[in-house]
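In what comes next, subunit A is part of two complexes: it sits with subunit B in the first one and with subunit C in the second one.
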Partner chain A sequence: MAIMIFGLDAGLLLVDFITTAALYLIISLSLNLEYGFSGVPDFGKVLFVTAGAAICGGVAGRLAVYLLGMTIPGGFLANNTVVAPQITTILQGNIPVSLAIFFCAVIIAAVVGGALGFVMSFPAIRLREDYLAMLLFVLSVFVQVFLINYSPLAGGQNGISIPDPYAWTGNSYYASMVVMAITAVLAYLLISRISTSPTGRVLRALRDNPVAAEALGKDVVGIRRNVLILASAIAAIAGALYSFYTLSFNPYSFNPLQWTFYPFLIIILGGLANIRGTLVGTIVFWVMLKAISIGAPSFQNYIPFDTVWLNYLLPGFLIIAIIFLRPEGILKERPTKTV
Partner chain B sequence: MSTSPILSVNGVSKSFGRLVALDDVSFTLERKTVTILIGPNGSGKTTLVNVVSGLYKPDKGNVQFESDRIDGRPPHEIYRKGLARTFQIPSLFPKLTVLENVLVAAVGNPGEGLVRAPFKRTWVKAEREEKRKALEILEAVKLISHKDQMASNLSGGQSKLLEMARALMSGAKLLLLDEPVSGVNPTLAHEILASMIKMRDEFSVTFLFIEHRLDIALNYVDRVIAMANGQVIRSGDSQSVITDPRVVEAYLGG
Partner chain C sequence: MALAPGIFTNALLYGVLLSMMATGLTLTYLTTKIPNFAHGNFVTLGAYLGYILFKFYNVNPYYSIPLTAVVCGAVAVFVYRVVLRPLANRGAPTIALMIVTLAINLLFIGFFGIIGDVLTNVYRFGDADFFLLSRLDFSMSGISGVMIVSLVCLIGTVVSIYLLLSKTNFGLAMTASVEKPSLAETIGIKVDRVYTISWLIGGALAGLAGSLIVFYLPVGPNFANSFIISIFAASILGGLTSIYGAVVGGMVIGTSQIVVTSYLGSILGPWVLSYQAAVPILIMVGVLLFLPAGITSISLSKGVAKRKT
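Right after this comes the complex of A and B.
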């Protein structure tokens, strides 16, 4: 018999936990590469995740309609809520088109994410850390407002439905988890390899003293730009995979709290410039967050406000506590061990 | 080729408005020598170092490093040719270890760059070689026992040694040092200067440094160049230079 938690199957909750934790691991790893290692305060992290998710929403359904040769009066966008489930039914028996949709959407998301990272690298090179953080934050809000009000790409405020590229596996809920977990492992291996190479050492050096790094012949501008491109592409891939998990995209789901502040909290909790720390930080934070949302309602009688606000309050207290009690995080920065 | 001077400064002049900082300065540096540049404040020593390292372009004259003319070239280009300098205030990477500080200075490490970094095979050999070289340099400057410490834990004098080690790591053949032992305890000052001799002998590096603490520095140099009012007034071995009446007058006279 399945174990139940508040009327929900514990096994299904566990799958959701693993999928979303893997998602946050990918995003936080890319943020640690940017901020922990290279000192670029990417307060616009949500922007790149949203971009990837929106591209997935904009591409997947249309591409499926095109590849399957369907003709829809009024077009896909106008009828997406009806058409997307129909496509999903067709995709159950069509593996090539399913894979084509999946890979095209993810690759286009990565390219657009990387391109946005490239664009953002121009202010990143010219602005001081605090001003850059503000600019990136504002731009991320701007992109959300833009996507809410501009419907041709991904449906504007109504969002867009996405056909299920995992339908052929028979259980897309589990398939989505497996894909997300594999991507997280790949991201972990990639970023941990970069961090233990001479490049990781140079990143920490230019974070600490960009002027001295420049004097030692390092191309500080170029290195920072490449880091932003790579990290943004990874965040966009995470966004696209999240869209394939939820099978919809809505710009209202992408707020700076969940997609910028939580990743920052994770990397500060786990330890800046420590890749293993990000893994530990993700797990600790995600367990804590889920425990709050599952456990807090039981304490409603003792709390003078709705316990849903604890989801916002407690992470805030947590970050203040880390900065006061253990500013280096759970696992602190270590020298780059190359050979 | 190896007997030709490593650096020759020919008739270099530099003015800032009406102030003549360098007035027809000429000298050469022989390979594997340690030369001190002395002179009262405002005699043009730092301006000369700034011209040679590429920070200033001379108004007249030229500078030859090995077989190339380097006057007017940008500093990072001159650095890559093998002419490095340190500044009066050391500029380290505080959260990197002493060893890492030296390793960062390596020029052309193939493992630097996001594309090759994940593929360890492509850079591991070069990295081992750089590490061996870095340890050798740290041994020479006597910082080897501190190699795993954070650079922020070093004292002022040790920081200066580390800066020198970093400059050496770049493969510099000529090092220009601006006051390497000022503000340093005499015991450590002797050590810094002794390690300069060691680097000259072991790594065939040529040194030109500015220093006011003649009592300590003169024991270690092969040659002295004395400047006053933007001109070289005397050069030669330490005894003959410091007893020269013109040098004495420049320091003591009005």
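Right after this comes the complex of A and C.
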């Protein structure tokens, strides 16, 4: 029998917690690589996550229709809410096509994310950091306006439904969690490897004193560009996996608060330029946030306002408190480990 | 196809209100070098104060302007003195300060949301989460009152800022504090007081715009997020270093957002209209990439002055 917490199934809550916490761990790690290690203030993080999610939404259904040789009068886009569940039913017995859809969507999302990172690296090299932060922030808003109004890619304001590539496993909820967790572990290993490698030391040198690094023959511009490309590709993969988790894409769910501000909060809470700190920060923040959203309905009747506003107040207070009381975060940046 | 005649007055009004907000933002950035993402919330605060005073005491928002401006100025000073100044004095980087202003933005939104809900649930005001008070406005020979009052207020603001900066000792002190704070301090200018006053003026101007905007646009807790980008676009177009640039920038962004999209919509089809929110973003991106010092850097005799960004 399922254990219930505040009228919700504890098992499902735990699965949802692990999936979304792993998602935020991936995004925050990529942001820590950019801002913590390299000093590039990516205030447009939501842009790359949205791009990955939208590409997944745009690619997955169409590719499935093509691979399964289906003919749909009116096209996939016009009928996506009806066709996507039908495809899911077919995919239950078709493992090769399921895997093809999954890997194609994730790889295309990563390539598009990396390409967007490459494009963004041009202003990143030319602008001072506060101007760059503003530029990335407004561009992320622009991408959202574009995706809401331009329907051919991913359905515009109505969003798009996505067929379930995990249907063949029998329980796509658990499968989604496992894939997200494995990706988070891979991202963790990759970024901690980068941070302890000679490249990691170069990144810190660029952040702390770009002029000196350049004088020592380091290619400041090229390294910053590579960091942006890599981090953006990782964020786009996270976005694509999130789309496969929710099985739909809607541009309204990608706001700067949840996808830019939360990751900044996590890396500052955990400690800038500290990989283990990002892990701790993700867990601490996510437990707080989920505790409020699960516990809120039980005290809703005793307060004269909607508990949704606590989702604004908590992160706001939290970040001001950290920056005042412990600006270096829970775990400080440490000197690189050497053999 | 001709444009609707109301479009130009609508655009002008939006531009005027945006100019007031951009002037305040530029003033605080110019002095304390903090890009304040929470600036739009002083506008929302002004609007809510006007709304509450009307609902409880039946005061027309025009009459509550002085009180609203003072309160918003005081709140801006509070935000600066209590949160931002201690961090800036500790040497926090600009990006950290930007993140803190984003956090303050969240706190304001949560606060307005709670106020709105309390007014709805406890006092049974039906519109506290989304109010427009245009029915209280007057009209003079076909022109709406808010248009006239806003224009008068903007002209009054520009003239008084001009007089303040060029004719008073405070103006000299402010110029000195902006140019070289450490030097200004050594000759006895209280740089800190200058900074505080600039936040007071900035907050008061935003409060003024907020009192006026209740006659023109519906306001809710999230209101600031819908135009904070327009405010930044206006300030950046003005170069972020010139108050007069901000006034021009506000007028350009406000009018182009409405007139240009309507005009393009009449030529290319109505799909253009849904991209109205993209106009200030595109202008801002263009300015940041190609003219980072803003329109005030264009000199007719010397061409575009280069400034390191």
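By definition in this document, the second predicted complex is superposed on the first by the 329 of 339 C-alpha atoms of A that agree within 3 Å, B and C clash if a C-alpha of one lies under 4 Å from a C-alpha of the other, contacts with A are read in each partner's own complex, and residues count from 1 in each chain.
The working rule: a residue touches a chain if its C-beta (ideal position, glycine included) is under 8 Å from a C-beta of that chain, and two chains touch if they have at least 3 such contacts.
Since we're looking at a predicted model, the values are computed, not measured.
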Exercise for the section: Have a look and say if subunit B or subunit C is in touch with more residues of subunit A. Expected result: C
Exercise for the section: Mind working out whether A:330 is in touch with subunit B, subunit C, both or neither, as first, second, both or neither? Expected result: neither
Exercise for the section: Figure out whether A:215 sits in contact with subunit B (first) or subunit C (second), or with both, or with neither. Expected result: first
Exercise for the section: Would you check which partner chain A:201 touches, where first means subunit B only, second means subunit C only, and both and neither mean what they say? Expected result: first
Handout entry: Partner chain(s) touched by A:230 [first = subunit B, second = subunit C, both, neither]
Key = first
Exercise for the section: Spell out the part of subunit C that touches subunit A in their complex, as residue ranges. Expected result: 35, 83, 86-87, 90, 92, 94-96, 98-100, 102-107, 109-111, 113-114, 117-118, 121-122, 221, 229, 232-233, 236, 271, 274-275, 277-278, 281-282, 284-285, 288-289, 292, 309
Exercise for the section: Can you check the complex and tell me which residues of subunit B touch subunit A? Expected result: 75-76, 79-80, 91-97, 99-101, 103-107, 109, 111-114, 116-118, 120, 123-124, 127-128, 130-131, 148, 166, 170
Practice task
Would you pull the subunit A residues touching subunit B in the complex into a rising list?
Solution key: 189-190, 193-194, 197-202, 204-205, 208-209, 211-218, 226-227, 230, 333, 335-336, 338-339
Problem - subunit A residues touching subunit C - in the complex, by the definition given at the top - result: 35, 41, 43, 123, 126-131, 133-135, 138-139, 141-142, 145-146, 148-149, 257, 261, 264, 268, 304-306, 308-313, 315-317, 319-320, 323-324, 327
